[in-house]
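Each of the next two complexes has chain A plus one more chain, namely chain B in the first and chain C in the second.
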Partner chain A sequence: MSLKPKKVVVPALIMAVLFALPVFLKGDYYLTMVCSLFLYVTISQGWNLLGGYTGQINVGQSAFFGISALVTRLLWAGGIPFIPALLCGALASVVLSLVIGIPALRLRGHYFAIGTLAVAWIAFLAVENLFPGVTFLPGKYVATYSLLPRYYLFLVIMLSTIIVVSLVVHSRMGLAMESIREDEDAAQASGVNITKYKVIAFVISSFFVGLAGGAYAYFHVSYYWYLPFILMWCFEPILITFIGGVGTIWGPIIGAFCYVALKEVFALTLGEVNVLIFGAVFIFIILFFPKGIIGVPEKLREYLFRKEKGSRAARQKNMNV
Partner chain B sequence: MRKGKFGIVAGIVCFSLCLMPFVVGQSRAEAPASIKVGASIALTGKFAGGGVDVADGYKIAMKHINEDGGIYVKEYDKKIPIEIIIYDDESDPNKTVARLEKLHSIDKVAAYLGGFSSAMNTAGLAIAEKNKVPWVGVTIAAEGVFSQGFKYTFAPCMFSFMEVTAFFDALDSLPKDQRPKKIANFELQSDWGIECGKYLKKFGAERGYEIALTEKYAGGTSDFSSLIMAAKTGGCDAVFSVPTPPQSMTLIKQMKELAYAPPVTCFIRGPDLSSYWEVMGKDANYILTCGEWTADMKYPGNEKLVTDFRAEKNKEIIGMQVGCGYGAVQVLADAIERAGTLKRDAIRDALTKTDLMTVRGRVTFDERNIGLVPYSLCQWQNGKLEVVTNPDYTTAKVLPAPPWDQR
Partner chain C sequence: MEIGQFVIYGVINGSIYALVAVGLALIMGIMGIFNLAHGAMAMIGAYISFWLFQDAGIDPFLSIPISMGILFIIGLAMYKGLFASMKAFSPGQKIRNSMLVSFGLVLIIENVAVLIWTANEQRVSTAYSGLTFDLAGLRMPYIGLVTIILAVLVIFGLHLFLKKTFFGRSIWAISQDYQCAKLMGIHVDRTMLIAFGIGMSLTAVAGAIISQYSVSPSIGLDWVNKSLIIVVLAGVGSIGGVFYAGLLLGVLESVSAYFVGVHYTGVVSLVILLVILVFRPQGIFAREAGR
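Showing the complex of A and B:
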């Protein structure tokens, strides 16, 4: 297999720019925003593998994000070095996905979506009751807090997620997942072990969402324990993926960029009406561009082609007359 | 000859004296056009009700300070107007972090003012500590947050121990034969709710009250029937809780539906919002709530705040957080003036030494930077929040609640 230079050079250039970005970003604000962008790309890409490529709608992503944030923070605050704590957090997320996924993914229809939503809500209530307080970074960490390592952590997690998801969807495994999304019966009839591939997609998705949850626990100086479990973490990745383009690698990246950047610009410039305007923009995209922003060029091409075809037909009609 | 020398020396001295103002003027740094202070507040989302009140308090305080020429800063030997930059955090603590970073690194504010609600403020004050920017906030009531050894965060507002003290003061103010004997604590599962529960037990034992029932509930709970029935069957004649604002309304509605009318009901949060009476009508009558600030307070400057606010907003009922926000700006402005500079560390040091009479009473800080403010409780009496416990004065006596159909 030979790789085209363009396929190597462009990603390498993008990576180089991303690694060098903190040099050009002056002030913690932009770094914070970029960290937030990377976080949203990661969780949306994680959701996309299971929802966009495999067709299994996970509406309970906050449980997997939150459990990892909880485990990571507890272990890290307990004195365990951060990286092992982060991996334990991601592992906790994987274990939770197996516990839920193995029984739930055998079912078809909306049961999986309803089941995951129930898990997210139960997890939220449990954490809110069991951990009612605030978690603070120990004083020594606050004194030496820097955004730079957080930036690189988010970046590495995001790039790993994109690379792994890209490799998976371009492999035979990816084909199997897409076949499940298109028609489970046909996939099963063709010899695809549908439960196996659904569980694999769920585990990979949860692992990366878990890593993002751990990074969240590393990023914030203080937060209420329940905050990584709020339902916002369930719906935002879905929103982002649909804005960008579901079932594509670039969709969650573009969607997250629009979601973070547009929302920020609207919030800072439009005041209290920003939520209304952002909502209107989202409805517009869903109504007129169901394939998301990534489908806009195709839609425009279709529109122009139809227009051209129409005018050609009209000319033909006139000539005949 | 001697006369000539004297003349030269005198000339030099006079010339130097004439130049002095210019030299001194040159050595003094140029004053900024304004003193920038920043806040990230929930203007949209689930905390917007209180967030808008806090923001209004900040804005009107800024207006009053600027009408007087601004804050005198010794370093520049002049009064400089104050400018408050407010961003909407959309009731999302992640946004609070981003907005405060923007205020710090892009807008270069001299200090932060707090937002609304503990969830937002907890995220905010950690950023203030990280960035070493003084933070003055008013809607945070859990003491635990201030036990982290943070140096830059100050909260001139009532904390859990003050709220519970004020509650017992209210009970003590009732005639002996009308005082409740059994208190039910509906304990919200938050750090604040748990702290209040701890103080209820402690102070209750010290002051001769029995906490007969403690029923726990989560922040998302909307069905309180089991708690209410437990209190009713247990014969509890007083209820204390710190519900979220929507829960405070649901609780009252469900208590009415279940015909549970204890003579004393105290919800620290919820009934203190300006919209409470509008939503609940007469059912709000006799409910006790936090009384940090009311329009009736006789503290200096309060009348001006109330008159101007009513003229500007055309609203009779003013939210409690308007006055609290106003007081926070007063505390910060006073600290900047005493610091004599806009350097953040100097402002922080000045804040620790605060002793100021504000529109909400005298404010000082303890060693944790918790504000020591007058403990105060209010009661809704015919559409008006009356001050029923306060160390300085009261506007009415605590009234025990009659059955629901007589309210």
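Showing the complex of A and C:
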């Protein structure tokens, strides 16, 4: 990548604003919301690397998110310092992705989607049965609980995810991944080791999703053990990536922003039916804006252009008649 | 002898699974639409027969034609509104988009169902609900017997319909090559529309039986899960195989409930699914590899 001044200054400015944000943002409500925004950006960007760039639809993200949350929480509550516990959690997620990925990524199309969905179900059912009930933080942790370190943890995880994913997709490896998405057979015929790149994408994706899962376990004082395993964690990142724009770096970021904002507004104004409206919005986006918000300007231009051309053609037709 | 009783219940459960799954086998296996809202439709079917029983006093088995008609119309609307625009997509894109759209649909249907019918579990209890008869020393519920008969009739009826009639064959033709089928003079749009409606109306048969066990708005995803397992076990594109795959799953689940406890039956069936996916992704009962 060539280093143009603009390319350095703008991200540096954004980062500076994000690091300074807690100084201006008073109140736990907003800080919590920003934390969940960062969490969503992380898991969606992770999904985007595998789903958006490599074209492998992973519907089992909750398993990777959840297993890391579980491991991190168990180790951390067991007395191990948080950072090693978090890394162990992410490692568990990576190991799971290798165990699942190497056989599953040989499958194509909907088989991979169904297989990962099954993994997510198995993980959910197993955890629901093995760990019934709620996990509470030990008292000494609750006494020192503050939002600020959580905010910075989420921020650092999110930034590292975005940086790593954008480095990967702009490298030769990213090119190989995109070629797999476009045409597996052609990629293979051109000498791309498709299984290798799929597994690499899967591992990177699960590592960051795992970090996010560990941060989730760090963030919450108490939650049901099975909560990080619910299927919402599979579909939310897909939804967010599609809202923003699939296969782009900015897509999951914009998507997560809109998602969190919409969810908050709907939950505040619509009450019980908010999920219903949400489903409708989701369907609308997939059907009419398959490229997401990123694709809206292009679509608009195309629409205007085509309309003009169409009307000219129609006029010509009328003249001929 | 106790294990034999488990097998009988397994066969009955398996027939219900197969009945739910057969519509999905048509819609996903042949038409290539990954419809996550399939289980939610079975749930609607179950509530319709519950309603008809509660308010009009119609027996759930006799109300099947009515609920089939209603679901057929809902299916037509669903296809027209949501899936028709995907007909010319490549298979991968079609599956991905239809999966996402139908997930949105699941959210909508579940919440509407909670608003209409509340989140409580309901069931239809008829005069013959708990009655059983003696089958070689084992208990066989009357409902179970009717379920098995219905499953055989519906599944093999659909199989013959798809193999022997012009309409059924044109569905196959469209699934193989959309453009070519169109050039051969098949009315592709209408055929797909009606095939989708048929797939949805078949869930009404399953719904009528589910309503006699237990129905609540959240059962949809569970049934989709079961149906997906069965469609994969049977092999994408195989209709007759759905029946055997359903029986296999039902029996394995109920026998495993006997051995490992009732909480892990879901895990057992999903592990079977993963093993099948890895070692025989074309399914047990399909001849050629599906992609």
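Side notes on the structure shown:
Criterion: the second predicted complex is superposed on the first by the 303 of 321 C-alpha atoms of A that agree within 3 Å, B and C clash if a C-alpha of one lies under 4 Å from a C-alpha of the other, contacts with A are read in each partner's own complex, and residues count from 1 in each chain.
Assume contacts are C-beta pairs under 8 Å (C-beta built on N, C-alpha and C of every residue); 3 or more make two chains touch, one makes a residue touch a chain.
Note that the coordinates shown come from a computational prediction; the quantities given were computed from them, not determined experimentally.
Residue contacts after overlaying the shared chain place A:217 against neither chain B nor chain C.
Contacts of A:67 after superposition: neither chain B nor chain C is touched.
Contacts of A:94 after superposition on the shared chain: neither chain B nor chain C is touched. Shared-chain residue A:227: touches chain B; no touch with chain C. Of the two partner chains placed by superposition, only chain B is touched by A:145; chain C is not.
By the touch criterion defined above, A:242 lies against chain C but remains apart from chain B after alignment on the C-alpha atoms of chain A. When the shared chain is aligned, chain B comes close enough to touch A:36, but chain C does not. When the shared chain is aligned, chain B comes close enough to touch A:264, but chain C does not. Within the superposed three-chain model, A:28 lies in touch with chain B and out of touch with chain C [touch as defined at top].
When the two complexes are laid over each other on chain A, chain A has residues 125, 129, 272, 275 in contact with both chain B and chain C.
Here chain A touches chain B in the complex through residues 26-33, 36, 124-125, 128-129, 132-134, 136-137, 139, 142, 145, 220-224, 226-227, 232, 264, 267-268, 271-272, 274-275, going by the rule given at the top. Interface residues of chain A facing chain C in the complex, by the touch rule stated above, are 55, 57, 59, 103-104, 106-111, 113-115, 117-119, 121-122, 125-126, 129, 231, 235, 238-239, 242, 272-273, 275-276, 278-280, 282-283, 286-287, 290.
Interface residues of chain C, counted against chain A in their complex, comprise 28, 34, 82, 85, 91-92, 95-97, 99-101, 103-108, 110-112, 115, 221, 225, 228-229, 232, 263-264, 266-267, 270-271, 273-274, 277-278, 281, 291. Residues 43-45, 48, 87-88, 90, 92-95, 97-98, 101-102, 104-106, 118-119, 122-123, 125-127, 129-131, 142, 144-145, 148-149, 189-191, 193-194, 216, 218-220 of chain B are the ones that touch chain A when the two sit in their complex.
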